[in-house]
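Listed next: structures, encoded as structure tokens.
Both complexes below contain subunit A, partnered by subunit B and then by subunit C.
== the complex of A and B ==
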């Protein structure tokens, strides 16, 4: 159960709790709707979006099909550029490598006990911060949202805006109460204005950036041909981590490789617009090994498997490895909007989490076995995905797998029904539209034989308008 | 067995089903640019608009006016100390009066830069469609920390030669071996209730000077 939050209940129970949390739901609803509307506008600016999406999908599929070759090429180019490549088969090995590298750096004690980190899903997936803490090493998260999460002793709830479940008053309280214990305290007079909160974070973290000798990052892309790593971000904490410390350690999933420098022209167009709805994110850093007199003098790349090869072996499910973590699928998902990110029991929430986690971790735990059911199969996630991952297809495929291992009989029936509707898209569209018109009449519990199924699930409210119609209207 | 062999072996086993038939060529039917790549005036206007849209402060001038404009921008912020990358044309700073100039000879530390008011740099190129300036540590751009630590960054873009329309037209002009920083507007966050706040860590003010040569 590597990477599953400890003691995590299955999705339905966790979701039911979240659905009753009014603050959480209001925050999430505001966030997902705002981001998805902006995103639709950013995407509509590019008349060739469909072609870019097709290219993104094809490049990733091609890479996955020859993954061994491209990883070996990447290793050669990174090494030639002055970097060192390490291979980690699982979380435990990756953590051991990183801890060893940190302990081997520096000559003063503090350098061996502290690192700054830029937000990285891979390191969250392997529980790096906790593993380092066990070794007496403190890892400071430097992304504003991650800082909020870390100071609040909390968990991220969204890929892109991890602290979206917190409002400004809560953030002010966390800063005022907790900053002092981690370094520079929050200013006495701190109010809850976002500008003041950001300023407090700037001062608190700058002290750490200027002192840090070791940084840990992830990467959005790695170019096999050149050995270049790419990190996209907004705040500049990434740039701080990637350039100020003497040693840089990047932990990256093996699926993040792309073959050529030119391929970046596709992903650097797809990612910002899909993710933050910007033409380009404020900062993109690209580095190739080490550069004399500029940036870290030591660079280590840790290539992480941790279940990715198991996903690769699944011919239907492997498409999840195309994911570029833009989070667009979260923002359109009616289930995510109500349940929130925590219910998925992983750093990968939402529709992509529902297919990625059971593949990376297997389906033996209750939460992983329930995740393929955490969807209404409405198809909205597939339509927005910039690399065209057919999430509903993989969900149905994984439900079959869970059913084969002796899933709940009612879930088997639900799966058959979903399969029928998916095979008959016209029926799905009609059902959605009908549901939209009658939604005021919808019950919270299913009557009759479906009741057992809804005992642990609230029926999702039906959107006023089917996503397909909304999409067509807004794209037109 | 090393983990390297283990992982590569797992990949080869996972791909056992891969058929050996030739793959179709990658579909690259997307556009190389969305803006009029052949129209320098329109491109410069587009760059100006997109930079401003991302809250960079944009100014235009001629080559001859550049030293005075830089001096004005520094004076407007009461900058007392200015970091300068190696290779920056000395003439650019010829208009500043009572300002301490700190040319980087490799010895400026992050701690020193933290106390510096402004930095002036050139760039490798700018991308009109996305409102992006690209620094690649070449002459006049300097080490990456120079454009990162000070709170005020003045960046000079020469038009038309440094302006390209799009990302696909930018990449072939850049050398992957050089460290690169692509900047689209000042540092920003939307982490607090999705309210955009400028400048969490990078410079809070980005001023771009578009110079017609």
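== the complex of A and C ==
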């Protein structure tokens, strides 16, 4: 997966650092609360939201159950429409395919050394920009937030708003300091007004659009019956990339396929309201293979597995593949709000990241083993998810996997001891009585794992008598 | 009517006053309460931490302890959610692992009969005014499991509004998690503490004297934070407010 995330500390340590960063907490709190309130209003407008949500879930479940069939159908449709389909088992293979395709295009050397990019999670997941850079190819991000991240030599921290952790003043600074190194510099007089920042980005990006011969995109959906790819966006930069260059390479996760054109009706309602709280997203671009004298003359679709078939094999966990990357779960998550996106060690942060990463990457690294625990199981993510992914259920399921692969020895011992006591009421009563009698001796601060509790909270005072004994004295 | 009280392990060991208040309240409303001694813990701490197999004996134990009762009343929404939502899952997983239908049968027999205290009062007994008297200002934190898994909705608030002398103050951001989350409070202590801080800032901002909840687990976490900070806001379980009357008013311990 993305090289920039290697060596991440486990979630609790990374999150603890983020919690102490007052500016970050304020930025995140402001952004997530604004969008979550807007989303709630946008969703409340639709009387049939519950039915739409159920339909979205059903279409995705059906597709996932017959994924083999729909992918083959997709390949046939794309090929018939003049495109070429490539299959990539993992990140390395996908990157190799894309680099090879870029090298094979363009008339001049310079044209083979730069590409424009439509914001895409899949290419970030595989670390495409870094892989291309190693081959001497520069990939320019054209989404405003991605541009901020790229110029700032930063990592994305949100699915939809990758620079959510930055405020306007910080963005102005990044533009002023870094734009010149990547192309057209920012105007001397740049202030942090949103209009000026957007204009600076527009001028900077225009040069890239007009020069690039190759564009790389992802896709929100792929329609099996027609071979059509769909990108949903707000700024129109994606549309520029999809129409101006001669070659278009789309890297898409295999779970993005839907069977029919009609299915888009459901998702094009669910997605914008859940993600940006818009009734309809400003730009929906659809492309099918190649068309003479219109758009790219060459189209390549790279179908990416990278852990997805492994996730598909897990009966409980596979529902994570229904995700349409709307980011609604991030915006309501109280843990994401405090920890920020970087703590998740992946391009998929928040609740969906906490269940997706350990499935795509396995649970052997410390950060992946800690992600299923990065939730209080409050259920807010499940409540907003437009395709009804029961994220808490999957979190608990993945915790079991982590516990089984060893877990924490102390925790395992404690669970076993508790299990014994709780299955023997007499032992439980004795333990409760003992705690009551020795309560004068209880320490205020605990050693070991309990320290984490007493660092910020007092322990409860143990009552003189457990309820069990009160009952025996008064009612039995 | 005769019901079984499922006190839950947290109330039994740490908050006996809540269980006592539940008994007194139900008896005052003409209900006969039993406390089946075989009960211990619903197994939620184990299950939510990833030790599913470790809570299977507790599923069996809990189902056996409450066999024969039409209503098992619990002053803890999260334990009810465990029984209703997760017991059937535990059963289904065992069946998928080819270990038979015993746990599914236990879950099916038990789950629909376990009700949270406010559900029992409002839905089963059909009362909202339980004749309580509590002359303090109160703000109510709806715990996540009660709010989202059980869908308790307005029930606790309707009960509180009917209490004589009580001034109910709206808690801003009420639906946000307090940061307890069982072992989450220890595994991700920094985030958990930050969530508690924000919840308490909202609660203190109401100026209320009492922070009411229907789940002592959350109150354990919030109360511990309040005590550490030395704030005067007093955490209190809803059952203790509803049990308080003019003849036997609640007294701060």
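Quick note on the criterion: the second predicted complex is superposed on the first by the 404 of 476 C-alpha atoms of A that agree within 3 Å, B and C clash if a C-alpha of one lies under 4 Å from a C-alpha of the other, contacts with A are read in each partner's own complex, and residues count from 1 in each chain.
Please note the rule applied: contacts are C-beta pairs under 8 Å (C-beta built on N, C-alpha and C of every residue); 3 or more make two chains touch, one makes a residue touch a chain.
Quick caveat: nothing in here was measured; it's all calculated off a predicted structure.
In the superposed model, A:88 lies in contact with subunit B only, and not with subunit C. In the superposition on chain A, A:188 contacts neither subunit B nor subunit C.
Looking at the shared chain after the overlay, A:11 reaches subunit C, while subunit B stays out of its contact range. When the shared chain is aligned, subunit C comes close enough to touch A:375, but subunit B does not.
Look at A:153: by the touch rule set out above, it reaches neither subunit B nor subunit C.
In the overlay built on the shared chain, the residue A:283 is in contact with subunit B alone; subunit C does not reach it.
Judged by the number of subunit A residues each one touches, B leads among subunit B and subunit C. Touch criterion met: A:206 reaches subunit B, while subunit C stays clear of it. Of the two partner chains placed by the overlay, subunit B and subunit C both lie in contact with A:315.
Residues 315 of subunit A lie in contact with subunit B in one complex and with subunit C in the other. Residues 27, 30-31, 34-35, 45-48, 51-52, 54-55, 58-59, 62, 65, 67-68, 71-72, 81, 87-89, 93, 142-145, 148, 161-164, 167-168, 171, 194-195, 197-198, 201-202, 205-206, 209-210, 223, 226-228, 234-237, 239-240, 242-244, 254, 261-262, 264-266, 268-269, 272, 276, 278-288, 291, 293-295, 303, 305, 309-310, 312-313, 315, 318 of subunit A are the ones that touch subunit B when the two sit in their complex.
Of all residues in subunit A, those touching subunit C in their complex are 11-12, 15-16, 19-20, 25, 315, 334-335, 338-339, 372-380, 382-383, 393, 396, 398-404, 407, 411-412, 415-416, 418-419, 422-423, 425, 428, 432, 435, 449-450, 452-453, 455-460, 462-463, 465-468, 470-471, 475-476.
By the touch rule above, subunit C contacts subunit A in their complex via residues 7, 9, 11-17, 19-20, 23, 33, 35, 37-41, 43, 45-52, 54-55, 57-58, 61, 89, 96, 144-145, 148-149, 175-177, 179-196, 220-221, 223-225, 227-228. Within the complex formed with subunit A, the subunit B residues making contact are 2-4, 6-8, 10-15, 17-18, 23, 26-31, 34, 50, 54, 106, 110-111, 114, 127, 129-132, 137, 143-145, 148, 167-168, 171-172, 176-195, 197, 199-202.
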